[in-house]
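Shared chain: chain A. Partners: chain B in the first complex, chain C in the second.
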Partner chain A sequence: MGVKKFVVGNFYDENVLFPAVKKVRRAGYKIHDVFTPFPIHGLDKAMGLKDTSLHVAGFIYGITGTTTAVSFITWALTIDWQVNFGGKPFFSLPAWIPITFELTVLFAAVGMVLTFCWLCQLAPFIKKDHFNPRSTDDTFVMAIECTDKTNEADAVAFLNSVGATEVSVQYRETGWWLGRYDQDTVKYGKKIEAA
Partner chain B sequence: MSLLRYESQVRPPIVDGSKDYHQVTEDICAPVEAKPTKAWWIGFIISVALLLFGVVSIVVEVIYGTGQWNLNKTIGWGWDITNFVWWVGIGHAGTLISAILLLFRQGWRTGVNRAAEAMTIFAVMCAGQFPIWHMGRVWDAFFVLPYPNTRGPLWVNFNSPLLWDVFAISTYFTVSLLFWYSGLLPDLATLRDRAKLKWRKMFYGLAAFGWTGSTKHWQRHEALSLVLAGLSTPLVLSVHTIVSFDFATSVIPGWHTTIFPPYFVAGAVFSGFAMVQTLLLITRKVLGLKDYITIEHIEVMNKVIVLTGSIVGIAYLTELFMAWYSHVGYEWFAFKENRVNLSSPYGWSYWIMMGCNVLSPQVFWSKKLRRNLLLTFFMSILVNIGMWFERFVIIVTSLYRDYLPSSWSTYYTPTIWEIGFYMGTFGLFFVCYFLFSKFFPVIAIAEIKHILKKNGDNWKEGYNKEEGQNYDEFAHDNVHHDDHH
Partner chain C sequence: MANRENFVAPKRYNTIAIALIAIGILSTITLYITAGSKDDPHQQARFWGSLLQNSVYFLLVVNAAMFFICATTLAWGGWQMAFRRVPEAISACVPVVGVIAGAILLSICFSSNHEIYHWTDSAHVAHDPTLDHKKGFLNKGFFATVTVLTIVLWSLLGWKMRKLSRSLDENPIPTVEGRKKYMWNNTIWAALFMIVFALTVMSSIPWLWLMSIDAHWYSTMYSWYTFASTFVAGMALIALFVVFLKNNGYLEHTNTEHLHDIGKFMFAFSIFWTYLWFSQFMLIWYANIPEETVYFKPRAQGEFSGVFWLMFIINFIAPILILMSRDSKRNYAVISIMAVLILFGHWLDFFQMVFPSPMTDPKTGVTHVPNILYDLGIALGFVGVIMFATGRALSKAPLVAKNHPFMKESLIHHT
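And then the complex of A and B:
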């Protein structure tokens, strides 16, 4: 398994973090990720991340729910087993609106949450590494991925110059994000030796 | 940045005290990480006792049948369906706070949404018990699901409001649970990363799903929350609308009215906010979270209570007027003789309803009284008593006198097992709430941090300078001209 090298710096203020993200990108470094304790609006744009298309997925799931409800009820009550309810037509669409609506919402919600978990690779027992456990408390943690061309010392110095504190170099196995809570995985904040 | 964060001093701060991000984490995690207090144990044990009473009541009902309840020939629905509608209604405030107020960008919701959403889920769990055990032969409960069966297959009646209810309540429960839990993930990760004990690392490691706070994940999380809020908003309106259809689509005098859907939804929000007040007044005191659930939060919720209480009041008067104006003899009789007439067998329940729901919330027109915690607590209980009686009035006073005087029923009083079942759902509700408040953060940590620099007390003070500036100075100081894009 390969090992990647990261230069990691901590920020304590959004007003420092935003310009820093711009400068780091402008200098040509590859930002692996910025870990924050709460959503910071505009940070995704500043980092150059594309918009998510989760909404579109939600819409498709919703439409699937609508079609499922209408087609199933139509088939059950007009084709498979016709029952005369108080002399009303077999195809009584207005009476099916409540269930159609509920299934639309149910499909959209369940589908979106599952897609969200899949995209972010979130599930019970999954262990991931975010370089500094304080990034779920009060610290914004920026990790710069070192490529073949990156000069480690320069990157550390640069990150310090844009306002990061406690800048360190850390190594991570590729594929660690799918690791599990067992003895083989690296505990939070611990470094592993370069291969 | 500071321009984006600026908010007028006209709005009071919604996080009190001098806080930074770390202090927010410390404050909200403290009750979760501390040992349970004596008060917690006492409350928990009482709740478990109530729950056991409920279990015994249900066991008796299952063994001997619904004959153990005092339901009779015309009163086929009594306490059970009253309690069902009451609990479903209570759940509505949670979704209103978490979804509708999110869409309306109401910052104050962040202090109370997590607990209110939990309340929604527990209330819906309690509500679901009543129709299920009311079936009598509960082992056949799965008959309500449309599955291929050997009876034809004979499908369920998709045209029936009772089946709509099955879909509405189960969808509502599922969506509320997903909304609540996806919001909890970042906060559980905070607890995981602070955990010192082994079982805590295990438990929160499992529960947090490996959340890291990656920017991309936050971007998706925000999109998910927004769409779930957008879905929950019509959903919550649909749920109580469908519950009201259980009554409104029938031909029983007192039920057969078109005003029911909006009237039920307003009543649901009304009773739900009252329950949120009851829970949060205790929670903020016991867990020491007065800086996050401030007097401002209490006051805003009291404003919602007086608004929805007045809507409910108008609905009561409108249906009374329509009963008279419609010239339908049965309808007018149901209102005039079964409800308004104080000397009729159930006249007292109508006037308890009117007193608790329409008259008493009017005290909240006074700002001083809205900010009185003791009165708020008292009122929150009173409103829920009133809202319970609303459902009792609708169900029992419409059913106990049928079209034929010969089938008018005898006076309906619940048996001990009906009362026990109701008490049992209180047990279930509070057992869940006590466990939630012990093991989960009762306030959304990440969301509080998100609004802290805009709405926090100490941060708002920093804007005094901007408040005194004229526009040109303000723009000069705050707008950054960046040539690089």
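And then the complex of A and C:
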């Protein structure tokens, strides 16, 4: 992943944030992400985010669970170890439906949790590099990624003009990272806080 | 057209409705001539069974619209407010279809033909220990009282809920206190409807009207199963009317977000129906006791197996695969097609619930599937009645309950 440079602004009001997101996008800046303490309806659409692929993954995990359950029980009870339950046929699908259902749910649930963690880059001992810890408390934090063409000063001025406060330029690690954001001030030879 | 607040039936709307009613009446007459007018009580049962199946199914479906209103009212939900007048109008069919269904049910109950309801034959019951044991519940007086009371209570409480909703159209409530009081009032009446609904559709009514056709057999899950069947069909009917009105330029505040949630109801309650269907089926299949399996023998394995498995595919496999994705629930065409399919599927469900017992010849014990075309014709007649009555109810009040305290929640609704 590596460390990238961002222009970061804080917002205190949804009614300021939404027009700001639209203006920033229209001005051609690349929004890295907007961090909020709680889910905000419609923000994903305003930011132009693509739909997540998590539900497709969930469907595939579920189908895998169904197949696993049916094929294993079929093999076990019709080929490997036939047992006569009250004169029922060896292949007794109705009796297997509850287990098939449970395994479908189990596969889908566990698979989706792991996929979710992977997509969000969450894992034990992995620390996330925060732009502003207050995004978990009471502010909305917008991070604009600086590309080769971005003029920092212009971006800072633009964010100020759309209603952001405490605008700053920061170097942040956005990917997997084993460090501690509150203790390290230097990462990979680059300073975290730009002056 | 400038004014899109009030529904004006499009030119051919009422013509189609009346044509459908004509088809229904024609099918009824044809079926009466070919079966109902015969001397053989077994043939007559074919005629009355068809009327019973159709009237009960469509009565429960239109009544599900009022259940939807009361459930969302009790949950203090606001999202449905943009299209709430649609289920209100559908529930206005309850008195109309209710009178038809009540007349049919009472005629079957008090007729001298005991092919459909065996327990009405007192000479037979005296020699039948099982039916004799059930006499406290399965007797003509109780049946008639509960049937009349149920239909009257559904109609009255539904009328009261619609009246409460319309009372705001001309006089908005200015104060917050007044709105709270209005919501409290709504909650009380919705709760009353819900109690009646729980005591009827969710318990006693399907046992009396449908399960008592197979009088020796019983299942405690039967009523829940019937409720799930009619509720999902009721949501499908609401979806159809919403899409119809939307296509004609009404309901400007209803959008894909609301359609998505209606689709979720159709999807979720299809699964719920299957869950109940399977729970009922598996316990009986597992225990394998002859007096219980007698219900599923002609249905799952006998003559009716085609209808049985077809309705299982329509009511479970199709909704779970087609309505699972978000995009299909937000698509007007997919929702309309699935709504028609679900309405037909649960109609088929009722077909196989009603007919196997009356269609079993008492002398030979042979079951045969009746010609479903007659039943479809009669079903179209009921569709016409519902179209006509709903259209009339829609045009009586503005389509958007704009003064309701929760209106804004519906306007900003987002899924």
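Simple rule for what comes next: the second predicted complex is superposed on the first by the 170 of 195 C-alpha atoms of A that agree within 3 Å, B and C clash if a C-alpha of one lies under 4 Å from a C-alpha of the other, contacts with A are read in each partner's own complex, and residues count from 1 in each chain.
Going forward, a residue touches a chain if its C-beta (ideal position, glycine included) is under 8 Å from a C-beta of that chain, and two chains touch if they have at least 3 such contacts.
Worth saying up front: this structure is predicted, and the values here are computed from it rather than measured.
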{"item": "Touched partner set for A:Lys128, first chain B, second chain C, both or neither", "value": "first"}
{"item": "Chain B versus chain C as contact partner of A:Val169, first or second or both or neither", "value": "neither"}
{"item": "Which superposed partner A:Ala108 touches (first chain B, second chain C, both, neither)", "value": "first"}
{"item": "Touching partner for A:Val70 - first (chain B), second (chain C), both, neither", "value": "neither"}
{"item": "Which superposed partner A:His55 touches (first chain B, second chain C, both, neither)", "value": "both"}
{"item": "Residue contacts with chain A in the superposition, chain B compared against chain C", "value": "B"}
{"item": "Contacts of A:Ala95 with chain B and chain C, given as first, second, both or neither", "value": "both"}
{"item": "Contacts on chain A seen with chain B and repeated with chain C across the two complexes", "value": "41, 51, 55, 88, 95, 98"}
{"item": "Chain C partner contacts - residues on chain A that touch it in the complex", "value": "41-42, 51, 55, 59, 86-88, 94-95, 97-98"}
{"item": "Of all residues in chain C, those that touch chain A in their complex", "value": "278, 281-282, 285-286, 288, 324-326, 414"}
{"item": "Residue ranges of chain B touching chain A (in the complex, touch as defined)", "value": "1-2, 4, 20-22, 25, 146, 152-155, 157-159, 161, 163-164, 167-168, 171, 174-175, 178-179, 182, 185-186, 189-190, 192-194, 202, 205-207, 209-224, 227-228, 231, 234-235, 238, 242, 245, 445-447, 449-450, 453, 484"}
{"item": "Complex interface listing, chain A residues touching chain B", "value": "14-15, 18, 22, 26, 33-41, 43-44, 47, 49, 51-52, 54-55, 58, 62, 72-73, 76-77, 80-81, 83, 85, 88, 92, 95-96, 98-99, 101-103, 105-106, 108-110, 112-113, 116-117, 119-130, 133-138, 177, 181, 188"}
